[in-house]
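Some structures to go through are shown next.
In the two assemblies presented below, chain A is common to both, partnered first by chain B and then by chain C.
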Partner chain A sequence: MSNPYLYTLVRWLAVGGAIILLMFATYGFLRAMKARRSTAIGYALILPWLLGLVIWQLFPIVASLFLSFTEYDVLTPPRWVGLQNYRDMFTRDPRFWPSVRLTVLYSVISVPLGMLGALATATLLAREVRGVGFWRTLYYVPAVLPAAATALLWRWMFASRGLINSLLMPVYNLLGMEPLSWFSDERLVLPSFIIMSFWGVFGANTVILLAALKNVPKELKEAARVDGASSWTVFWRITVPMISPALLYVMIMGIIGAMQNFTAPLFIKTPGGAGTFLNVYVYQQGFTQFKMGYASAVAWFLMLLIMILTALVWKWSDAYVYYEGEVRNQ
Partner chain B sequence: MNHRLSNLLKGFLTYFLLTLGAAVIVVPLFWMISTSLKGTDALFAYPPEWVPRPPVWRNYIDAWRMLPFGRFLLNTLFITVLAMAAELLTTSLVAYGFARFQFRGRNVLFFILLCTMMLPGVVTMIPSFLIWAKLKQVDTFVPLTVGAWFAWGPAYIFMMRQFFLTIPREMEEAAVMDGANVVQIYWHIMLPLIRPALLAIGVLAFQGNWNNFQGPLIYLNTMENFPMILGLKFFEQSLSKEAPMWNYMMAMSVLMAVPILGLFFAAQRYFIEGLNVGGVKG
Partner chain C sequence: MRRTPKLITALLLTLSLLLTACGGTQTDSSDTQGGSPQPAAEGKADEQSASREKVTIRLATWAGAQEAAELEAIIDEINAEAETFQIVHEPAPADYYTKIQTMFAGGTAPDLLWLAQEYVVPYAARGALLDLTDRLAADDRPVADLDDYFPLVLEHAQYEGRTYGLPWVAQPVIVYYNMDLFDEKNIPYPTDDWTWEEFRELAAQLTDKERGIWGTSFNGWPPVHMFIWQAGGEVISPDLKSSPIDSPEAIEALEFYNSIIYNEEVAPPMATVNEQGFSEMFKAGKIAMFFGGASDDLDRVEGLRVGHVRVPQGPKNRTTFAWTASTAVNAKTEHPDEAYEALIALTEGIHNWKIVPPRKSMATAEQIIKNEPRKESGAETIMQAAQEMRAFRIIPKHQEWDTIFWEQVQEPLYSKKGTAAELAGKARASLEEVLP
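And then the complex of A and B:
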């Protein structure tokens, strides 16, 4: 392994070549089995994804479920312990529930608020402002920055003698209070993370919602105005329902992302692990404590939590989301 | 008259709010650059010094030399380019298959693909690591690049399929008449037609790999193999023991952000178009 680049390049080319050969082999095999031409080509083309699905998704999911019932330190083979990991997690581990609380509260607060912010921005931009492209690009910039850089920047701005406290100094003096310690104060860790999250979410969500707003037919709004509806009513009764599929998409993807917050908390020091999100906790248990079994149990719990939250949003949205061309039974 | 006045007021309010939002975005960015050019004693000055006088350009050179950042940059580029190339080739092939060919089980498989978009990566992290560990590939670039051949990124497949669907079928039918096979059609006709999508997803894939933190954190241990982001992490750990050298950390953060921002500005038209196709009918 003298040259790590060459080492990787050889394997990269070998696997790439093998997959392409396998695609041709699939086509040949299916044709030999008298499959239709379009079937043979179709399966050959989606083969890379199908292989990935089995090797990197289905197998790992089953494997991690199995591991969650074992004790496994990587060096010795996994040992079956039944529900022990889950019992420890729910009843003994003092760090587990605070981490759940932080993760859930962060997602449930930051995602809807961020969505409202993005909706407000998109509404402003949809008003035929001059230089939409300029504003849109500008608002997108924070979303492009590496999460690591963003986290370091905010940690620095939130430092006890950082920019934010400097700017707030007149307020502190006026109220006669001590400057806040933000990320260094256990109680303020969650609000600090939420404030930071606003900076990043606007970009992509604003762009998606703006496109959705542009698709709302003008005639609908005009008809309502003629009937005497106020712009406020038009917004809530026509615009929002018309873009509700996009809102739902933004909301669900936001929750899935927020629940797995990882990079930012690893770049921000907090007192006594008050900023340990669940995904970070999985990483710590698995890769610094080498408790792969326990980490798998936490990971499964986190996945179930995400699925439950997503299902709740979905169920709740059913009453509100409007798909054009859909026939309602009721 | 009244109407005109209210329109004027509305217009004013719109631009006022937009500018306010822009300030919220620009001020931290400005602070990042400003900090990166400050001497150590000016870091905590009160009131805050917005424009450092004189700017300490040496910070960039000094910070760069504290760790082998040249090597880190090379590693990042190597990983990013290989992973991105494999992702673009395989996701476009898979998307072409889903968009254009009838086969049994296609709709079910496509539904599964949409479901995997929502699958949290946290459950697959540990077993994936164990597979690479079994193959003795930990602490090499292999897990971060070779895995991309398996059409990483269901969202990319989805976006590209949407693009393929907008292309009229006559294009291919004419080629079939001329006796072209699928490989030729894909390479000579379809790929050039979906170039905007390839560019958009190329930027997204570049950004994803460049900014990826969890993968390198799990798979790489030796400092020689670190990409920029792990260098930044190591830097952060070693510098924040006593008095954090925020000027150095901000300098390296700026350097990490610049290539991504450049790419984004260069390709932003395609980038935003791509986002829209993927998002509107989510």
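And then the complex of A and C:
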């Protein structure tokens, strides 16, 4: 066993073999318990995923809840401190609330704006024009690029003599103002991140909304037109209600994603930590400040915030989301 | 009645959405751990038999490709000679400390590890590092002779009188200057006896805003600590009991630093530095005088004629900051004796590779040129700078202390949100709260 890489390879193969054996064991066990053949096969096949979920996600999530009540510097065993971390977070930490404010404002502003953008793009791409496949591919490309590369690209575009300021030069001249310094200006950090977030608009969201748009029955629209409805009315009274489940989905996923914004703010330097989103703060506390317990507490607070926002959207959705075949009493 | 199942479904859906969304972002960070090979030493339980099989000593470093190849050549030589151990190098150039911490938490930490100066004391104070004091005292090999190390460099590897690591490098800061920019304006090159005021004066003369050329560039680097030391002040007292950053000496240094940083008369504004890159601007010929570490490649740029000079002298002395790193031994290593032997051999090897070896007997121009032939023209300056070099004084909660010092003193000062005296006076209490 002189070569450590060989040793690692052997270990990996052993783990793979063990999982396969476990899958057979699961199948055998379920069959012995008189489960249906298809059921047994199903559970056996999802076993690797289930193991992954429990070991790599469920366990860490539960463990972090425990750690959030401890002082844990990673190198020594965690020490129970009760609610101390949460108390410090809410009352003593001067960096916590600005970070919460930034994260929430970012989500609340960027997600609806981004949805409007995605909806507009999807409407455009839903038209049957020549080469539409090419355009659809083109608009999806940004979603495929690695987040870190995108962050660097945007940092460059927002530079004082970058692309965006060059384009805006005529405006600056007209208004007689100094070019904005975007990420280097504390007050413009949030707007810069929001503008940057639209990049994501052209990815998955557009595709989802496009699919939903394609599913809107033509008959409904035609019937409305026959009745004399304008395209605007058709869009707001028929198209939007018909795709409202997709909109809801995009909105909730958008909020969850926006609240967890991490890669871009980690890569983009901002003055005074003005661009420290909560998730970045969690990372900093846990991995550079030896405060894993505190970081866990912040992470759970973030989780709670996301839950609340999601629940609000969900509650509110009753009013405007229509599911196909649903009958409503006015 | 009908609302309850609906509510439960909604909650479940929310939870599962959260889980998948969380999962999505976490895969990015988790695969950094999956990829690292972990050749476990624990598998070799059979060594207590008389067979003199070599013990595997795992060494973690942040060495990148080129550096790792050079280091591995040294390790190969050591392994060939060693009878009791075999060093296995595990480089982790990205997210090094994240990985190290995770490995300590998971009980798979390496036997030997590189730690930059900020980390030795924090790790040692938390019991993660092996106390080397007695072994070093009983060892008469030259590399184990602590008296030979520069005391203010060695300090970063010591806590409460015990030694937890051997420094393998100390890179004093020197000033690299662009000869062409001096020649253009017929300004004589700086000499080793220059002072703060002369430096600032030169920087003003060399600045040519219209052409995008500045006399110097600061952005938090060089560390303001160095200027505070040069003024006769301290950021943390030797007994680690106080942080006198509001002393007249410290204020003088903070004010001097603040008169340079982002002041367009002598240095580029922050936005320009952020966009064009800090050292990149010097390499692009846009900065006349730049503070760099001794082994930086600033003097190897095609088409750039670069001179070396010591940092300007402060009001009291010319203490030079030195970026320093040590190799330490994991407290939980299964083979402390072999790990110690490996540490000694490795440190000796690295002292003959990196500049500057942090030992008085080796901080000579000849040794510097031998270790790094490309530094021939700067060797004399580096050697002299090394005589007065000093690393940071580190406390167990260094990272917290440093964040406060940056966020409550330096940053607001550099963005003109207060005077040095106000900010330092206010921050001192918070800084002292995290002292041991």
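The working rule: the second predicted complex is superposed on the first by the 308 of 330 C-alpha atoms of A that agree within 3 Å, B and C clash if a C-alpha of one lies under 4 Å from a C-alpha of the other, contacts with A are read in each partner's own complex, and residues count from 1 in each chain.
By our rule, a residue touches a chain if its C-beta (ideal position, glycine included) is under 8 Å from a C-beta of that chain, and two chains touch if they have at least 3 such contacts.
The structure displayed is predicted, hence computed values, not measured ones.
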Chain B versus chain C as contact partner of A:Tyr7, first or second or both or neither: both
Which superposed partner A:Trp314 touches (first chain B, second chain C, both, neither): second
Which of chain B and chain C A:Leu75 touches, first, second, both or neither: second
Chain B versus chain C as contact partner of A:Val234, first or second or both or neither: neither
Chain B versus chain C as contact partner of A:Lys269, first or second or both or neither: both
Partner chain in contact with A:Ala295 - chain B first, chain C second, else both or neither: first
Partner chain in contact with A:Asn215 - chain B first, chain C second, else both or neither: first
Which superposed partner A:Arg127 touches (first chain B, second chain C, both, neither): first
Winner by number of chain A residues touched, once chain B and chain C are compared: B
Which superposed partner A:Gln57 touches (first chain B, second chain C, both, neither): both
Where chain A meets both chain C and chain B, residue numbers: 1, 4-5, 7-8, 53, 56-57, 61, 74, 156, 159, 161, 252-253, 256, 260, 262-263, 269, 279, 287, 303, 306, 310
Residues of chain B defined as touching chain A within the complex: 14-15, 17-18, 21-22, 24-26, 28-29, 31-32, 35, 44, 46-48, 78, 82, 86, 89-91, 93-94, 96-98, 101-104, 106, 109, 112-113, 116, 118-131, 133, 137, 140-142, 145-147, 149-152, 154, 157, 182, 207, 210-211, 213-214, 217-218, 224-225, 229, 232-233, 236, 240, 244, 246, 249-250, 253-254, 256-257, 260-261, 264-265, 268, 272, 275-276, 279-282
Footprint of chain A on chain C - complex, ascending: 10, 14, 17-19, 21-23, 25-26, 28, 30, 37-40, 43-44, 56, 88, 97-98, 101-102, 104-105, 122-123, 126-128, 270-272, 274-275, 397, 399-400, 403, 407, 411-412, 415
Chain C-facing residues of chain A, complex: 1, 4-5, 7-8, 53, 56-57, 61, 73-76, 95, 155-156, 159-162, 181, 183-184, 186, 252-253, 256-257, 260, 262-263, 269, 271-273, 279, 287-290, 303, 306-307, 310-311, 314
For the chain A and chain B complex, residues of the former touching the latter: 1, 4-5, 7-9, 11-12, 15-16, 19, 23, 36, 38-39, 41-46, 48-53, 55-57, 59-61, 63-64, 67, 74, 121, 124-125, 127, 129, 135-142, 144-149, 152-154, 156-157, 159, 161, 163, 166-167, 169, 199, 202, 204, 207-208, 211-212, 215, 245-246, 248-250, 252-253, 256, 259-260, 262-263, 266-267, 269, 278-279, 282-283, 286-287, 292, 295-296, 299-300, 302-303, 306, 310
